[in-house]
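Below you'll find a set of structures to go through.
Next, two complexes with chain A in common: one pairs it with chain B, the other with chain C.
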Partner chain A sequence: MAELLSTEFETAKISLWRRITDSFATVAAVGAVVIVLLPLAAIFGYLVYKGIGSINLAFLTQIPKPPGEEGGGMANAIAGSMLILALASVVGVPVGIGAGIYLAEYGRNRFGDVIRFTADVLNGVPSIIVGIVAYGLVVLSQGHFSAIAGGVALAIMMIPTITRTTEEMLLLVPTAVREAAYGLGVSRWRTTLSITLRTATSGVITGVMLAFARVAGETAPLLFTTLGNQYWNWKIGQPTAALPLQIFAYAISPYDEEHKQAWAGALILIVLIVASVAAVRYVTSRGMLKGAN
Partner chain B sequence: MLNQALGAHGFTGPQPVPKPELIQPPTQASPLAHVGNSDVADRLFSAAMFACALSLLAIVGLIIYELVTKSAASWHAFGFHFFVDSNWDPVNEQFGALPFVYGTIVSSILALIIAVPLGIGVAVFITEMSPAWLRGPLAFTTELLAAIPSVIYGLWAIFVLVPLLREYVEPFCARYFGWTRMFEGPPYGIGMMAAGIILAIMIVPIISSITREVMTAVPQQQREAVLALGSTRWEMIRTGVLRNARAGILGGIILGLGRALGETMAVTMVIGNRPEISRSLLAPGYTMASVIANEFSEATSDTYLSALVEVGLALFIVTIIVNILAQLLVWTVTRGTPARANG
Partner chain C sequence: MGVGVKVDRLNAWYGKTQALYDITMEAQANRATALIGPSGCGKSTFVRCLNRMHETVPGSRASGKVQIGNLDVYNGTAAVHIRRRIGMVFQKPNPFPTMSIYDNVAAGLKLNGFHNSKRLDEIVERSLKLAALWEEVKDTAKKKSGASLSGGQQQRLCIARALAVEPEVLLMDEPCSALDPISTGKIEELIYQLKEKFTIVIVTHNMQQASRVAEFTGFFLLGKLIEFDKTERIFTNPSDKRTEDYITGRFG
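What follows is the complex of A and B.
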């Protein structure tokens, strides 16, 4: 503050040096925005430019051809991703929402703080570590790689995000709404499920979609849990192809044909993710708590 | 029906509403409740929710248990020497993790050097300079960067960033900054520099969104007060906003560091994956996360696997410490206790 007080306030004119610094700061901030937006534009541009040409019916309906051969597709990888994500959601969504309910409705105490802290810590654990743990828990005990192991890894990554957003959304529901229900003699669990959670539904869904979008593109935790597969697989106990794994494998392969497929797969993956983020954006911009008003 | 039920209980009109904390659900079943087992149901429900919350603790417990038990063999075989030995030789069962530690630290620092000014710049522009109509779209677009999966960053880096570095940037650096001896050797494109740049692109949204959050938490009067003293806009931002939010900004930076340390796929795809320590940024390297990603499913012996898990354990401990530190720093700002502004 000292340097501010020493300036002469009487003079209406701001010194040249201060004006230059001010303009420089503005230019620097604008420059930063431009530099950050450049790679974003470049990534999306390349995805569309390189990917769109390789997306055709075969890509969406066929399984991969042997390396070096033309044609083939990623249908089994897309289906495999869906399978793994469904498994992850079946485990992760109820547990995450349950933990969120606990924090919002029962967890205004020390233990709640511990859980909140744990969730934030878990959010920062590198995904590759989660892969190691899922490997130890599921793959080693089953004796082979499987879709379920990948599902467990992704579920572990979904839970903290869902927990924290669910809590946040439930806390937005006015206490008066709960009191109204209690006042009518509705029991606490019924109030929580049918009134509070119901009111916050769109917000909770937002959290779930964000968690889904976050894990949909995860590759590292799948490397040594689902492993990948060149063929169709619908059994949760068997190794399964997954879209991110296939993109990774094709990106580092020496064949041009596979590079093209990698771009096409990446385009499909990003469309999936951006669509869910945009859906979230749309829902939240229409108000989290439509039911409350 | 409703009125009758309420009337029967002597409901006379509006009652004073007690404080929210004191409100408790009815302990006696009223005529409207499903009489009978609501008390049992309540207990069951809260127990189930408690179990869900407990599962978070259980997961962290499991992670620690798995990492510690599975890395024990390596720890017994190599001890602390594991982290200072630079010889990674799976064939002869000799494992030293120093090249990975080095690669992780250097690539992350490089990423921070690039990303911190950019992230703060973006946050300053969005919160303090941008016209209102541009604010929302800009915030959304930068958040979009955070939604792109790591493997897509890697794909883009292999086919776009790496050739660019190889053809233009690296020869340029070697020619004009060669005297620092940090740009020696052939410009492969793939290497430490590519890893640092792709990491920087990935952590800019984290740094800028946290910085934005803590800058928004600075009270508006703070800005008005500094402007009223006759400052320019930049002076207002520097002394009125950035200085008040600096603990939180530091938290955002450390959070970005945490992400950079643990980032796997994009780095694995461009860093070159060679366990060597080189002063040159153009040389290939290897990180802790990458070595796990590349070698875990191929690890043939128990010691090999155990050594990889130990690398994972070290990475886990470091990221946990970094994240806790960041969390605490961000909380000091957003929880309404701003850092003192007299530094």
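What follows is the complex of A and C.
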């Protein structure tokens, strides 16, 4: 039988129809990849083309000049964005991962279903609504706009994404790995934190970075919360400049110089997002071992 | 030193399905006891009841008396405490994939709050030597992941990991079913040596394996312990017709 098969295999020619289908499928797959990558490459290329000319030391180190004047930069907005994103991550990442752990390890019940449903709905809420919620929660109660209000708005947007991806990644960890820890007399909470979460680390980080990258470019929720600021601000309780806000303000302004700066700001924003995702990936992969999966 | 395992009228359920019926037996200290029987007969459930792993399956429960030495497993002792004294090796090798070989062996101690690195070094080396893996991994133990080893090496790593916490009893649930004959041979040899220090309860589908490694053998069928006796007697002159049918290959 085996012999018959192998001789048949050698002598039989692969039919023309099969070869056509094969090349068609290959071309279709490559085409799909190109279609996915093309918009990204186009956006990045166009941003570089439009923005690179306005990026200089002043742009990266100075605050905006009054309208109509040449020069100045977006340093305060770059710093402000970093501040707001750091605040959002400090609030959103622990809550999101914690909720994901609950859903995966303890949430196989009705309460868990309710949380899952809530997270999915929250994920679909328009960002401007989230901004209004943060306005009501933080801005109104404090009496003024602030970086922390923006951080809360962005954190609310990060949480459902992080929660659901963390849950999925933890569920991918085989039961056998958990049982190995239980078998050693390791308690359940310790197993969850030191074994299950650790095994799922790279997936959980992917979820965190997806959420981070998504909110980093958000403009609408910041309009009602951080407001924007023409000057430096490092206080989390004060109105703060942010890159998306600055880009928005300059893009709709009548001055040509400000349009150019808006392009440069958009380029910086994308570079910052890519750089922080790459940095986190690098730092977390350094601890990985040879042969680990 | 190993201690004996006494089981008295143990019953176990998954939800409403009863998986074990009134199991009574005794595994002697520093001996290997083999459990044989067709798939689904309850032998894995039985060993999982001995260290209370059974109850980690949602909806499952067990009743009866299990004594490990002077420790009453189902009465007043926390499950984590029992599992520290009863090591377990599973059917499929399950090293912690993100940990190094060293950390895999040290995991049971580290995760229970033991961090003396000099002592850990000694324990890891001793455990890997006991599991006959030391020579193969001594240079790479801290650099390579446990998942990078071959299947047979991974299983010996899992044995080393179980031994590192110094249990009194070692439960092995078909430890060789995923391994080739050479790795199986190594692990059987290992069981032979480990008996000096531990009491071993081993579930196996391989009757030759049971006769090679174990002094006592129990035959399970449909959740009941049909016969329990010296291995030699089970395989040469069983007293129950069903045992004879099974070991002569008439069913199962």
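By definition in this document, the second predicted complex is superposed on the first by the 229 of 293 C-alpha atoms of A that agree within 3 Å, B and C clash if a C-alpha of one lies under 4 Å from a C-alpha of the other, contacts with A are read in each partner's own complex, and residues count from 1 in each chain.
Methods note: a contact is a pair of C-beta atoms (placed from the backbone, for glycine too) under 8 Å apart; a residue touches a chain by one contact, two chains touch by 3 or more.
Predicted model only: the values in this text are computed from it and were never measured.
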Answer with first, second, both or neither: which of chain B and chain C does A:Thr219 touch in the superposed model? first
Tell me which partner A:Ala275 touches in the superposition: chain B (first), chain C (second), both or neither. neither
Now for A:Leu60: first (chain B), second (chain C), both, or neither, which partner does it touch? neither
Check the residue A:Ser194 against both partner chains and state whether it touches chain B (first), chain C (second), both, or neither. second
After the superposition on A, what does A:Val186 contact: first (chain B), second (chain C), both or neither? both
Chain A residues contacted in one complex by chain B, in the other by chain C: 178-179, 182, 184-187, 190-191
In the complex, go through chain B and note every residue touching chain A. 17, 20, 23-26, 29-34, 38-39, 41-42, 44-46, 48-57, 59-60, 62-63, 66-67, 70, 117-122, 124-126, 129, 138, 140-145, 147-156, 158-160, 201, 204, 208, 226, 229-235, 237-239, 255, 258-259, 261-265, 269, 289, 292-293, 296-297, 309, 312, 315-316, 319-320, 322-324, 327, 341-342
In their shared complex, chain C is touched by residues of chain A numbered 108, 174, 176-187, 190-191, 194-195, 198-199, 201, 288-293
The residues of chain C that touch chain A in their complex are 51, 53, 56, 58, 80-85, 87-88, 90, 92, 94-100, 107-108, 111-112, 143-145, 147-148, 158, 161-162, 165
Touching residues on chain A, where the partner in the complex is chain B: 1, 4-5, 7, 9, 14, 18-19, 21-22, 24-26, 28-33, 35-37, 39-40, 42-43, 46-47, 50, 94-99, 101-103, 105-107, 111-112, 114-115, 117-133, 135-137, 156, 159-160, 163, 175, 178-179, 182, 184-193, 213-214, 216-220, 223-224, 227, 244, 247-248, 251-252, 259, 262-263, 266, 269-270, 273-274, 277, 281
